[in-house]
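What follows is a set of structures to go through.
The two complexes that follow have chain A in common; it is paired with chain B in the first and with chain C in the second.
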Partner chain A sequence: MFALVLVPFLVEAVGVFWPAFQGISLSFLHWNGIGPATPVGVKNYVDLFSDPIFLTALKNTAIWIVLFGGISFAAGLGVALLFQSERRGVGIYRTALFLPIVFSLVVTALIWGAFFQPNGVLNNVLDAVGLHSWTHVWLGDSSTALYAVIVAALWREIGYVMVLFIAGLKALDPAVQEAARVDGATAWQRFWHVTMPQLRSVNLVVLSVLIIDSLRSFDIVWAMTRGGPYHSTELLSTYMFSTAFGSHALGYASAIAVVIFVLAIAVIVSYLVRALSEEKEA
Partner chain B sequence: MTATAAQTRTAGARPVTAVRRRSRRRTAATVGFHTTGILISLAWFAPILVVVVTSFRTFDDISANGIASLPHTFTLGTYAQAWNQGGLFQALVNSMIVTVPTVILTLLFSAAAAFGLSRYKVPFRRTILLMMLAGNLLPVQMLLIPVARLTQQLNVYDTLGALVAVQVAFGIGFYTFVLYGFMRTIPHELQEAATLDGASTTRIFLQVILPLTRPALAALGALSFTWVFNDLLWSITLLQTSEKLPITAAVLSLQGEYVSSWSVIAAATVVAAVPSTIVFLLFQRSFIGGLALGSVK
Partner chain C sequence: MTRKTTRWLTALGSAIAATALLAGCVSTSGEAQQAKSGPDASGPLILQSRFTDAEKGGLDKLVKDFNAKGEGQVKVNTIPTTTFNQQLPSYLTAKNPPDVYTWYAGQATRDFADQNLLLDLSSVWKDHGSDFPSSLKSLSQDSSGKQVFVPTGYYWWGVYYFKSDFQKLGITPPKTWDEFLADAAKIKGQGVTPFTAGLSDNAWLASAWFDYLDLRINGADFHLKLLSGKEKYDSPQVRKVMAAFKQVLPYFDPAVLGTTQNQAMSDFSQGKVAMYLLGAWAQPSVPADKQSDLGFFQFPTIDPSVPVAEEGPTDGFIASVKTDKPNLTKKFLDYVASPQAQTDLAASQQGTYLPANSKASLNLDALSKQGKDMLQSAKQVTQFYNRDAGDAQQTPADTALTSFIAHPENLDQILKDWDAASAKIRATS
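Now for the complex of A and B:
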């Protein structure tokens, strides 16, 4: 009987826990993967903070969390409130928003690539309506590339956040809303003082999902820009990948991975604490 | 409608206008709701539509009229090109070779672990459960280099089997957590009855608990199919031979080869999106339920 738990646990231990520990210890080495590895202490971490590309990636990751996370949260909540009740047509609207989540991020990237390319849909449309001066090499210009990628990522995330919020809203007691309505609360007051406080735990879940998703974001950037042009869309995840598998600086890349882990840890711990408290309640 | 009419008839003159005003306001709200709904849906469908339409247009049509114009041609040649020269058929086969075993093995391991943890007094039960969940929350980047190295040491680097093993190991934590929550709600009496009848642990698991867990397994199966099928990072980390790439990675490298052939890339994009879309449409309800189940409890 113990084998039922032990075998899966061991599989995860070999495939996840052990590599994670190795990842941490690799970050204290200088190693190109072929020659001998030399221990360098915390040098990799010290170097990171004078590495302009790392600092750009760090800044872009912060922008990503704020814009991608923030807009997904607000827009996802908005459409969830709009489409929460069962009425005619609502199923189609929800499916429209939700469908992109079944596509891979690579598919998403290719779809939006056709949109943002120099002779892509967006520029064609701008030309057609006489806004030629607005046309732009959206993905090839350091000042717009990151935002173009975020738009594509949002298209896929908002429907997901909507599903989480609709599930949360459905679990609320409608009598409370009704009581507030009878007491003369306006729609805005009901949202802000009745719905939002009741959604507190859902909000926390959505926020942690969004932060973890932001820190993990890799595919869409890699597929659209590979982190370029001039590292303007570089995230910590893409920089880690190209450092590891492009430049073969394995120790340095591991240090970047550990930084991502450290940034995620607060969220992971709060998620686990919640999971634990639920487990105890039941 | 008839109810309103009946009410107004009995209620007299003044309420009639009030009711009318209210129903007019309600009509306005309905129109507003559907206008918003349709606009949002169109905005969300439009990019998909453009790609699907583009995939059926010829190269000359697109270069002459632009990608945003209405199609002037219809061809399936783009699909033939992507399918044959682009190697998409092989890529789809690779994807299935990876995805199907990964989904089955992950669910099997997770269901076994969840069964043990939820139905028996396993020591350190809570610690084990949380550790397993924590493993799934780790940023994947931490694991890439050590796992790539491990597969090289075990001589399985650049094999589809390694891809399966890694994704099974990484998925187990999350699925165990969700299935644990589900199995805990199954009444103990069922199990006790089976035990009294002399059923072994394995039989209880396979014939009592597992059938009752079917809804959760369906939801997780549909979810995990799309997740594994859509993966890019592990494939480009662990595979080198281009003939071995699953479709997600293959389509991306195709993009490099056919930079200017929009329609071929569009056709490849459609091919890569079809399998997970089918799974979604077949399991729509459990799929959405699954997403909500994992995160909102």
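Now for the complex of A and C:
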């Protein structure tokens, strides 16, 4: 019995725990990857909070979780409710929404990059309908770039969340809905008091997926803006990457990685603890 | 909170605390390395290359010819350029690293050499040193003056334009800053954008402007001091550079920060943009039917009393000090330094590359000849921002220059941040 656990534990230990420990211990050093490292205690962590780029990245990551996570959740649930029932042609809509998932994020970034180009589709359409004053250098302007990237990321995520919700909705017993209808519940009451409580375990999965996806978002930002212009679209993940492999400050980059790790663990653990204890009460 | 999760969280907390104690256990010490002596180990020599498919024809021929000599076998391992540049520190610090690498001269090489990661190549220089221009000698040394780099070639930077477009616009290539600004105004007046750059995916291109303005206003000596941290970015000299940069900003494509390099090249090739400050490497991306129309002029003089300096980025090869085949490595690099090998390498670069060995025989086209003359007449040759300052300094430079392009009014803050970021990288990396 113990030996059965030991094998996966050893694999985990070599592949996950040991590198993670190394990453954490690196964060207490100054190291450029080639020379000797110097221990600096918690200086990397102290420096983080006077680093304007880190603070921008932290703020952008928060915006990202709220907008990307929130809109994905709401829109995914919305389209799932809309497309859950089997009607003629509904498969086409579902496929259309799910299709972006099959593209790699880098391809998605290329498509949306072309869309947001200074003379790309979006600006041309705005010009054509007489809204020239709305045209923008979407990805090159620090006030719009982050939101432009979020739109591209949403395009992909909504279909994914929709599939998770449709699966959840399909598993519900239609008799419960029917009973509520017979009792005279309005559509909103049926959704809020009948459907949502039954979806609790699906919500848990979707929220965890969204938070993890938000915190590990990297490729789409890197491919569309590389965190620019002048760090205005920097997320913690992209800043960590460019600090480690652009500036060769591996200790400092590890400190950023630890912050990401702590954020992810904190959010997920607190959510799991709450959800599990609620389940126990119920 | 259930008891189980409490216990789990306690375990997590103590694990983190334990790791803090482990700090320093990672193999982060830069232990001194000794080059292996005695006979070579068996097996082929591994050459780690960043050349793209378009460029590697010459390298393949060079390696094939060397292998045919029967002195040993060389195997080329091609890695995409960006990955290669990021991974080189990991390769060199690995236990059994590849033997030979393509790399850049100057500070980029010195950074590794000073950590004692590179093989001493003085013997190659003893045999071929007299064939290389003297300026390449100091670029190939570590801080103690030992040769650790074998140059293969270099290229030039210039302000590119199309001759037919200039004719239509009534412009002749300017020589001075005032003529340059007047021409830009004249071009803009005719509804054509004077300058562009692909800053959305290649923000480092802005450093070309900074480098040239600093070289023309403050000279190469100040420039190199600034880039090595001995001068400050919020100094009056740099302010003069930024003031000149501000003079040309109105002539840039207003969408320059959102323009990709592909887009910028296509705007330039289609005549929507009249001039583009570029390195010779960009020439092949101009459509074939416009190649003969392409021209460039030397970045204009701003202060005639400042000795003319040019950017002449130099490429070449380095070898790992840990190689278990030092004799074969030196034999191979001896061949790389030879006129024949350098001719082969340059021949595959579509006229954008000048061989470092002066005895290499290559028919130069008009642009290469102009580039060679320009570099030979220059009083001083610099490499490029990231090669002179060290690659890690490129990010703060990109941040400073792109935010200056968007908000030139924030100059004070931008220069202060640049100085702080640059000093911090010097201190922490």
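The definition used in the following text is that the second predicted complex is superposed on the first by the 254 of 282 C-alpha atoms of A that agree within 3 Å, B and C clash if a C-alpha of one lies under 4 Å from a C-alpha of the other, contacts with A are read in each partner's own complex, and residues count from 1 in each chain.
One rule holds in what follows: a contact is a pair of C-beta atoms (placed from the backbone, for glycine too) under 8 Å apart; a residue touches a chain by one contact, two chains touch by 3 or more.
These numbers were taken from a predicted model, which means no experiment stands behind them.
Colleague: Could you look at A:228 and tell me whether it touches chain B, chain C, both or neither (first, second, both, neither)?
Modeller: second
Colleague: Per the contact definition in the header, classify A:154: touching chain B only (first), chain C only (second), both, or neither.
Modeller: It touches nothing on chain B or chain C.
Colleague: For A:22, using the defined touch cut-off, is the partner it touches chain B, chain C, both, or neither? Pick first, second, both or neither.
Modeller: both
Colleague: May I ask you to name which of chain B and chain C touches more residues of chain A?
Modeller: B
Colleague: With both complexes superposed on chain A, which partner does A:172 reach: first (chain B), second (chain C), both or neither?
Modeller: A:172 sits against neither chain B nor chain C.
Colleague: Between chain B and chain C, whom does A:204 touch in the aligned arrangement: first, second, both, or neither?
Modeller: neither
Colleague: With both complexes superposed on chain A, which partner does A:252 reach: first (chain B), second (chain C), both or neither?
Modeller: second
Colleague: Touching A:35 in the superposition: chain B (first), chain C (second), both, neither?
Modeller: In the superposed model, A:35 contacts chain C only, not chain B.
Colleague: So, A:275: does it touch chain B (first), chain C (second), both, or neither?
Modeller: In the superposed model, A:275 contacts chain B only, not chain C.
Colleague: Between chain B (first) and chain C (second), which, if any, makes contact with A:67: first, second, both or neither?
Modeller: neither
Colleague: Going by the contact definition given at the top, which residues of chain A touch chain B in one complex and chain C in the other?
Modeller: In chain A, positions 22, 24, 26, 33, 113, 117, 119, 245, 272, 276 sit in both the chain B and chain C interfaces.
Colleague: Under the touch definition given earlier, write down the residues of chain A that touch chain C in their complex.
Modeller: My answer: residues 21-22, 24-26, 28-37, 39, 47, 52-53, 113, 116-119, 137-142, 225-226, 228-231, 242, 245-249, 251-252, 265, 269, 272-273, 276-277, 280.
Colleague: Going by the contact rule at the top, pick out the chain C residues touching chain A in the complex.
Modeller: 1-2, 5, 9, 12, 16, 19-20, 22-26, 28-30, 86, 89-90, 92-93, 111-112, 115, 117, 199-201, 203, 254-260, 263, 391-392, 394-395, 398-399, 402-403, 406, 417, 424-425, 427-429
Colleague: Would you mind writing out the residues of chain A in touch with chain B in their complex?
Modeller: Residue list for chain A touching chain B: 1-2, 4-5, 7-9, 11-12, 14-20, 22-24, 26, 33, 79, 82-83, 87, 89-90, 92-93, 95-107, 109-115, 117, 119-121, 124-125, 128, 155, 159-160, 163-164, 166-168, 171, 202, 205-206, 209, 212, 215-216, 218-219, 222-223, 236-237, 240-241, 244-245, 250, 253-254, 256-258, 260-261, 264, 268, 271-272, 275-276, 278-279, 282.
Colleague: For chain B, which residues are in contact with chain A within the complex?
Modeller: 33-34, 36-38, 40-41, 44-45, 47-48, 50-51, 54, 66-69, 109-110, 112-113, 115-117, 120, 122, 126, 128-147, 149-150, 165-166, 168-170, 172-173, 176-177, 184, 201, 205, 226, 229-233, 236-237, 248-249, 251-252, 255, 262, 265-266, 268-269, 272-273, 276-277, 279-280, 284, 287-288, 291-292, 295-297
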